[in-house]
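The following block contains the structure, expressed as structure tokens.
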Amino acid sequence: MKKIDLTTRLGPLELKNPVLTSSGTYGFGEEYRAFFELSRLGAITVKGITPLPRLGNPPPRVAETPAGMLNAVGLQNPGVEAFLTTYLPRLEKLNTPIIVNISGFSLDDYGLLASMMPDHSCIAALEVNISCPNIKEGGLAFGTDPKSAEQVLAVTRKNTKLPLIAKLSPNVTDIVPLAKAVANGGADIISLINTLLGMRIDLDTGRPVLGNIMGGLSGPAVLPVAVRMVYQVYKAVSLPIIGMGGISCWQDAVEFMLAGASAISVGTANFINPLAPLEIISGLEEYCRRKGYNRVGELVGLAHR
Amino acid sequence: MLHQEIVVENQRLAREADIYRLVLKGTVADTAQPGQFVHIKVGSTLDPLLRRPISVAGINRPNGEITLFYRVAGRGTRLLAGVRPGESLSLLGPVGKGFTLPTAGELLLVAGGIGIFPLFALVEAVDRSQVKVKMLWGGANRDFLEAVGRETLFQMGVDYAVASLDGSMGQPGLVTDLLASELNKKGVLVPETGEGNLLGSDAGCPEDWGRKAGFSVAACGPRGMLRAVTELCIQAGAPVEVSLEERMACGVGACLGCVCTVRTTDGALERKRVCQDGPVFDGREVVWDEKD
Amino acid sequence: MKKIDLTTRLGPLELKNPVLTSSGTYGFGEEYRAFFELSRLGAITVKGITPLPRLGNPPPRVAETPAGMLNAVGLQNPGVEAFLTTYLPRLEKLNTPIIVNISGFSLDDYGLLASMMPDHSCIAALEVNISCPNIKEGGLAFGTDPKSAEQVLAVTRKNTKLPLIAKLSPNVTDIVPLAKAVANGGADIISLINTLLGMRIDLDTGRPVLGNIMGGLSGPAVLPVAVRMVYQVYKAVSLPIIGMGGISCWQDAVEFMLAGASAISVGTANFINPLAPLEIISGLEEYCRRKGYNRVGELVGLAHR
Amino acid sequence: MLHQEIVVENQRLAREADIYRLVLKGTVADTAQPGQFVHIKVGSTLDPLLRRPISVAGINRPNGEITLFYRVAGRGTRLLAGVRPGESLSLLGPVGKGFTLPTAGELLLVAGGIGIFPLFALVEAVDRSQVKVKMLWGGANRDFLEAVGRETLFQMGVDYAVASLDGSMGQPGLVTDLLASELNKKGVLVPETGEGNLLGSDAGCPEDWGRKAGFSVAACGPRGMLRAVTELCIQAGAPVEVSLEERMACGVGACLGCVCTVRTTDGALERKRVCQDGPVFDGREVVWDEKD
């Protein structure tokens, strides 16, 4: 059986394979340790970290939708200090590259978070979340205005040597100016998509289901929107892309890579099938073998031919 | 943690109540504890998407079988009802922190409606030669109670009392009325001061009568009932464990989707995960009014 | 059994019930005649009409997605003249209010189309489509820029006395400014949402599935996004709303009405269950009865309490 | 148009080929015509969403039964394969414009792979005491041909010839080779001029030999094959009907999702709906290269 080269280069970031798990869906990794050896993952992206601890939004925080789900967690996290002292040491033991997702409410927040992240630990990159729809104070605002997005990346860049991933929001009229802006700001990699803003109403109570009224839509339902945005960004910007949004099987992963993603990330699908990332790794390998490719990287962007 | 288990039985208990008993054979039985649940994939497609949490209601280690009871509430449970013996289901679990198993004294079980299901497992697991167990159970009416579990209770040979809203079976009224009489009988119930809310801390508990009297309470049912049970237990100074429900996504503690608010011993608010830190919580720590 | 008043008032437009069928999914009505008496519908919205006949996009034009579908029909239609001479007389016979969906590539197009629509026929209103994602020449551009959107409505308004429905695109950062703009332009009613831009790639060919590469996402998958937008627009603008996007059963319809829609429209669901609109009408009635409402209109916007 | 039909049989024909025969009892049989299809809802949830078009392959009016054959191609047909006798399926149909039924002369059927299924219905429907019917059929290899329908063909007692790509059954090569020999035998095949494309109009047809010879062709299979068949028929001056496939949504002509491009007699391009204006088209009007 031919061996397929799965290593993946994303600008300054090199990974053993292109399959990641997504921020907010994989806790701090440990929650999924019972299912398989986590070091088999390309990387783990941890829950969004803010400068101060956050309680997040009141429950209910999740609602099901056709082939998707809404969440309004609201960035519940222990804050950067507890993250560094309590969680990071445990993450070191997972023996996998860690990507830390950072979220701020001001430019200073992003600068601070970036400056506090050690560059000689398991942290392989920072994912700059400018796109969280579940908080009122900012987040999404940074992600919908190209100028602000550029500034966030620039201030983050100034405060760390770690590879920077800019995570874009799909809640925009045109994704391309945003992608260009974060590239100008100094992003090394672009990840997309975060969740689409949605809501549901409970027929019994007549009130919105979520405690926070609106929430972020994820899961298979959003896949066609995500593939489209990866395709558009690949065409317009030369940075490598981490594609996500609804990926639940290797076929989905191939679709994202053909559209232009150099790596892919599994989020909501973990909730249904914790083995999804592993199945995707072997599915990608098998697809390359069947199609006669030697490296998984050869798939990237083929749909643009 | 991820199991493919064979459906041994999946049977409607009664026409009117739309309740099913599901018996599954596999390895969950080896480690399941009363109060834990399994997270079940219903259907084979992307819709409905999420797994469904169902409490473990019976654990038969020797046979490698668990028993679940579920009410058809919506699309997911309706699909589940169509599964036939011999087919297999994907289970994630057993998940969560179950009930504390007392080894002596008395255990009062308080169940509201289908909240009785997880308590079946607790009745089974307790060593009844050492612990006196009594079940208090409330439901809408006789039909419902008959359909859901009177027979099972009877077979378990456990001491029980029932209340029904319409008085068609047992005492008319709420299960919390049963609990109040029970606590009164024991002489541990502090008369209400009228000073309001005792919830959310031990502060309101005047004396540790219940604990001293060697009995504890475990409850499962609608949130309003659990709150009332907790209030009574605080008045009685009795330890109380409640099993909470919340909408869930991952079921393993990763998504922070299923939180409830608790007040820690130092008074700070915290959000705990029902799937992993619960579903069973100390009733006193739960913040029953969740606002922001 | 209590009789529920289903009549629905949308500004100048009064309908016998709040259940419509959506443009592009219901042909010119006739296609669904075999299933039930079409006069039972609140109204039928016909396929988008342009000044000149259009062949539309090359096939494949549809692709399935999780709980949804993509279409890239590209406004295939007979053109306004053939519409008036051939189709309108047949529509008259359906004995149902007809809403004509009009699409243009310039302001003049919209003015022309509006001026050509007779105001003493079965045509009960014009739906001004400023949101079609499947054509390169315009359409979507009008729908994403508030100023253009306002102009389109203004020029249409000047050329007809018929009630005007502005159909908004969900492919925008913020739906509210668009809704305000069309209100200023002279719209009487707002309908939303049109389709979300998406794409899929075929794993066998490695190429986009759709002949037009990208297409519009519709069906249950988009429901949470649509409900959210209806909720937002209801809060911000006082015009009546026709809600659509993924409605497939009466429960979905109730959700839209609670969110703020005065009427709802069934699109993709017709393809799976041609009886869906009828089932929704009776489901709405039954829900009102159970909840103790006398008029279906009482549901509108209740989630905002 | 909308029918709930009972599954009488849903059986795999052969392991290797993953082909199923599905027999349904209901009212579609009353009106179905060869070449029409039914649009089937697979599964009970929102995913997969769209109905699946499957050709009517057998029509048994007296019994009220239709027979369909399908290949498991993806998620939808896989779900369909799980349906059991006694369950019911929602069908929309019969839909579309079927094959012209000749009442005299000769009918040459040309099938590529599973394209043979709708032609079964045509064989059944033609009055073979008046019309000479011959089936030409091509497939990958013997296993496939055996699995898919050799037996059925045999039982129908129809004259046939097969070709297989690997030569394991019948003539090695393509079904269009069989057709070319057949037309040659009849002496109606105009030698190719080498001047290229005869397609898309009658213009290229030098003489009306085939039509005069009183035979016509009906074909179903992959697009490339249908194109080649059409080219040969144009050379032979024979009427040719082809059954096209296109991805479908509504199946009733409302969405314009399933179009193919045709050239009308006045030379203009038009987009016709495969579901309603087809799936059977005059091969000559089809524009085989669809570009914009």
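As written, the chains take the letters A, B, C and D, and residue 1 is the first residue of each chain.
Everything that follows uses one rule, which is that contacts are C-beta pairs under 8 Å (C-beta built on N, C-alpha and C of every residue); 3 or more make two chains touch, one makes a residue touch a chain.
Predicted, not measured: the structure shown is a model, and the values here were computed from it.
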{"item": "Set of chains whose contacts include both chain C and chain A", "value": "B, D"}
{"item": "Intersection of contact partners for chain B and chain C", "value": "A, D"}
{"item": "Of A-D and C-D, whichever chain pair has more C-beta contact pairs", "value": "C-D"}
{"item": "Chain centre separation in whole Å, for chain D relative to chain B (CA means)", "value": "59"}
{"item": "Mean-CA-position distance for chain D and chain A (Å)", "value": "47"}
{"item": "Computed distance of Cα centres, chain B from chain A, in Å", "value": "36"}
{"item": "Where chain A touches two or more other chains, by residue", "value": "63, 65-68, 219-220"}
{"item": "Sequence positions of chain B contacting 2 or more other chains", "value": "46-48"}
{"item": "Pairwise touch network: line, ring, star, complete, or other", "value": "complete"}
{"item": "Residue ranges of chain A touching chain D (in the complex, touch as defined)", "value": "66-67, 220"}
{"item": "Contact set on chain D toward chain A in their complex", "value": "46-47"}
{"item": "Complex interface listing, chain C residues touching chain A", "value": "63, 65-68, 70, 144, 171-174, 196-201, 203, 206-208, 213-214, 217, 219-225, 227-228, 231, 246, 251, 254-255, 258-259, 287, 302-303, 305"}
{"item": "For the chain D and chain C complex, residues of the former touching the latter", "value": "1-2, 41, 46-51, 90, 92, 246-261, 269-271, 276, 290-292"}
{"item": "Interface residues, chain B side, partner chain D - complex", "value": "43-48, 75, 79"}
